[in-house]
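After this come two complexes, each holding chain A, first together with chain B and then together with chain C.
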Partner chain A sequence: MATPSLELETGSGAIAGSGEQGKAGRWRGWVIPLGALLFWWFVSRHVVAGHGMMTSPAQVLHTAIDQARSGALRRALSASLARELTGFTLGASLGLVLGALLGVSPFANRLIGPSFNAFKQVSLFAWIPLISVWFGLGDVAKVVFLSLAALVPVVALTSDGIRAVSPALLDVARVFRYSKLQTVRYVVLPAALPSIFTGIYLALIYSWLATLGAEYLLVAGSGIGNTLVDGSEQFRMDLVVFGVIVIGVTGWALNALAHAIQQRWFRDPAA
Partner chain B sequence: MANSIARTLSPGRRASLDGARGHAASVARSLGWIALPWLVPVACAVLWVLGSHYGWISAQILPSPTLVFDTLGSLASSGELWMHVSASLSRIAVGFTGGVVLGLLLGGLLGLSRTAEAYILPSFNAVVQVPVLGWLPFLMIVVGIGEPLKYLLIGHAALVPVTLSTLQGFRRTPPAYLDVARVFRYSRRQTIFNVVLPSAVPVIGTGIRLAFTKAWLTLVVVELVASSEGLGYLIVYGRQLFQLDLVLASVLIVGAIGYVADRLLTILEHKLSPARLA
Partner chain C sequence: MATVSVSRTSELNLHHVSKRFAGDDHTLPVLDRIDLSVKSGEFVAIVGASGCGKSTLLRLIAGLDDQFDSDIEFGGERIRTTDLARGIVFQDHRLFPWLNVEQNIAVALKNSGRSKEEKRRAVAEHIALVGLKGYEGHHPHQLSGGMAQRVAIARGLVNRPKLLLLDEPFGALDALTRSRLQNELRRIWEREQITMILVTHDVDEAVFLADRVVVMQARPGRIGKVVKVGLQRPRSRSDAAFVRLRDEILADFSVPHDAAAVA
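Right, the complex of A and B next:
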């Protein structure tokens, strides 16, 4: 059950789907992007040339080179990624502990589970104004928000994964008189690992989304989200388009990295 | 789940052997088990009430619960609440419906035609890589900060999961069903409407529920950034005036509406996924 929803959330199902096409059909995927680029170039050149809101592909390329050369890109991107990784690490580790507790102990699950599920329903970004009152607008507030974003999927999928371990496997462990530690080490953990990794995968994606949200709504400091805000406030379309592309490429790279790790080490044997 | 059922049942079974005294103890135990989920929220509420009553927490950090409920009450009685809720709901209605319909069409097209998939899917994947918040500044310059901005972003948020789930549902028709359709010499049309579509419904249902979660999240974000009415605006407004009671009251409403809608869609999802297909 967890796997299809992961594919829906990350688009990895669609990525896998396009792989079936084979190399011969690959060129067809480029038709629309190249057509759009050509159309954009044509419109910016001949139809609305000189209009302030319109930017040309050449202008965006120029801005990109400019940003890369001046080091602004490196500074913004490294600030964002450092934030993302800190929040992700904090949130995912806390999530693993809490999720394992909820998965292993029916008592803890009964005690905390329903509150956690109710908390999950409140739209994440609705917390930002409160977080900004409690933690300010700086990096602390951002990291708190990011950890929160990473925590939720890890808790949900870790506890689900542990609870879904087949009773037959646990019976075998009992027959072999495994100690509690051995059962967890050799039975529960391997069986729950694919689901746990799915949670971590989602946490990585969510925390990237939340990084942008935090930089956008808690405006202080630098980051790739701030580049977008600046561009939009100065009506510099070239900067905005450049920012969108950087965000897309970074998101894609994070996604691809997590996907590769999952394929290599955490493949769900049932899927 | 199974564990908790076993736990609630077993005390009762043991009680019939132990006699009246054991019975009383087991009733107490299963009552405790039923009350357990309420322990955390009630403890938090009690701490909150006591904390604000005795001034452990300053009102600038966390206003008292009575203040929050008073604010909620006055918002509701003045009709202001209804105005904001209806603004948010009408945005969701337009954006979400538009996104779902377009998503179903696009997903269906991609699912049925390999050619369409080869042309469109890579571009679709590229667009999906940029989260909603990345598009926000771009669209703000292109369409301004009016209603179309909200419809577009909410629609985009809903479109993605619906498209992917429809595609997935169409592609994952069990081969055995398709074999049966071939044996009965179904036409392409018959195969699609009588075999592929019904077997895709559960996956699509999951996609639509996910789409609502995303649309609701997006609504709040868009209203936080650019709007002059709606629940998100109410949150920002309260934050700017440092009226945390207003912020908390709005967050409560956002959570409650999200929760109710998610429940409704879950029920719908269960209704839609016929057991006979499982």
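Right, the complex of A and C next:
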């Protein structure tokens, strides 16, 4: 009996800001972060004060202000975001073309499909040694890596979305004598759009995660991942924690942006 | 005379139509030597238990399936593929969820060769015909089942087909909505004077609407008998002649079941 009432609560929380319950649900989300912050503050001040592996919230705030003032934050973040957007755009565009091809053409699917599915199973990070040998440790290597991260979900969800178009709707296109091109343009693509957007959405998130991975593993140049590396090498935990927070907030912002775009233009009307 | 030539060119003739589904080790006969002629402007209902192949037959007439033996002729020409002169309304409305009511009806006119203005007018006329004025901008998920089916009927009619095929169009609706839409379909048929073939498992619906009721038997799908409904329209379901006809058809319906029970 506990499960249904739990679902009910989550459901009302999901309808953000609608009525008292929604607001109460939103508040509950802050309990753990604020509690953790309080705990952290308490431990850093009273339990392990002055220990090199620990830093305090005040110290992190100080570092944050410092990084923002000196322009280091802007440099690192803009380098990372530029990389992320380049890799995402390249990977997602290529993914759309490849995914559409796999979805529309049974021949292409038989030819490329199995190879792609095998490729998909290999962890992206396994390509890093090859990428670094072929492309070095600079921006080109990183962008290649990010493009791969963005490519995979877009190809998979675009081709799946296209193949999942209901035969019932394709019947309608035949009844009204749609040409192949008309069928793709007016039936297949609109029907697959929600799935295609989910692929692009995942690509944005994956490529941001991959940005950090690339900066961490292909260490050259600047970026928010390099801030993490610097922090850990210099044993500056305040810098590491600051970096983690920036990464989290950026990821959250990208997520919110993609969500807003989806709500505005790609909402599945049946949902 | 124009009417004579129209009636000759939109006659439907099925001659010994058979179809098999290819199975693993044997082929399953779905339709067995169906012979049927439908005159222009006639309303024919095809009834039968599920699995008797009545929907399959309708798909063949629509041109959605060309894997069958022998000929189906419409207007003196052999049916090979779909044609705007033959419209179809499916049981599930099959509207495009991303388009609104107006756009969903316009879907049918894409290859009609009409001008933009003519298309706009035809869509507006057909929205009025099915009583959906004011709902032009609604999307399918905002409509009730009955309203969505009205849109599907409008979409099926907007090309002014000579023949409209209806595949259990009211099968998924509640009783009240169903009887209202049956009345509307009768009104539309009388007004538009087009040939209609309705596939249904509802004998009541068949007797209420059709000039002739074709009863199909299952395994393999074949025509059992054809009952002429000579009653005047609009028909009353409680009329003695109506009830007699319905019971006669229902009795025929249950024959294969009884035979199976005995055997």
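In this section, the second predicted complex is superposed on the first by the 245 of 271 C-alpha atoms of A that agree within 3 Å, B and C clash if a C-alpha of one lies under 4 Å from a C-alpha of the other, contacts with A are read in each partner's own complex, and residues count from 1 in each chain.
Convention: contacts are C-beta pairs under 8 Å (C-beta built on N, C-alpha and C of every residue); 3 or more make two chains touch, one makes a residue touch a chain.
Nothing here was measured: the structure is a model prediction, and the numbers come from that model.
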| item | value |
| --- | --- |
| Which of chain B and chain C A:Phe176 touches, first, second, both or neither | second |
| Partner chain in contact with A:Val187 - chain B first, chain C second, else both or neither | second |
| Touched partner set for A:Ser132, first chain B, second chain C, both or neither | first |
| Which superposed partner A:Phe39 touches (first chain B, second chain C, both, neither) | neither |
| Which of chain B and chain C A:Trp265 touches, first, second, both or neither | neither |
| Partner contacting more residues of chain A (chain B vs chain C) | B |
| First, second, both or neither for A:Ala168, with chain B first and chain C second | second |
| Touched partner set for A:Trp252, first chain B, second chain C, both or neither | first |
| Chain A-touching residues of chain C, taken from the complex the two chains share | 62, 64, 81-84, 87-88, 90, 92, 94, 96-99, 107-108, 110-111, 139-141, 159 |
| Footprint of chain A on chain B - complex, ascending | 1, 3-4, 7, 33, 36-37, 39-41, 60-61, 114-115, 117-126, 128-138, 140-142, 160-161, 164-165, 167-168, 171, 203, 206-207, 210, 216-217, 219-221, 224-225, 232, 235-236, 238-239, 242, 244, 247-248, 250-251, 254-255, 258-259, 262 |
| Residues of chain A defined as touching chain C within the complex | 168-169, 171-172, 174-178, 182, 186-187, 190-191, 193, 268-270 |
| Complex contacts: residues of chain A adjacent to chain B | 4-5, 7-9, 11, 13-15, 17-18, 21, 25, 28-33, 36, 53, 106-107, 109-115, 118, 121-130, 132-134, 163, 208-209, 212-213, 216-217, 225, 228-229, 231-232, 235, 237, 240-241, 243-244, 247-249, 251-252, 255 |
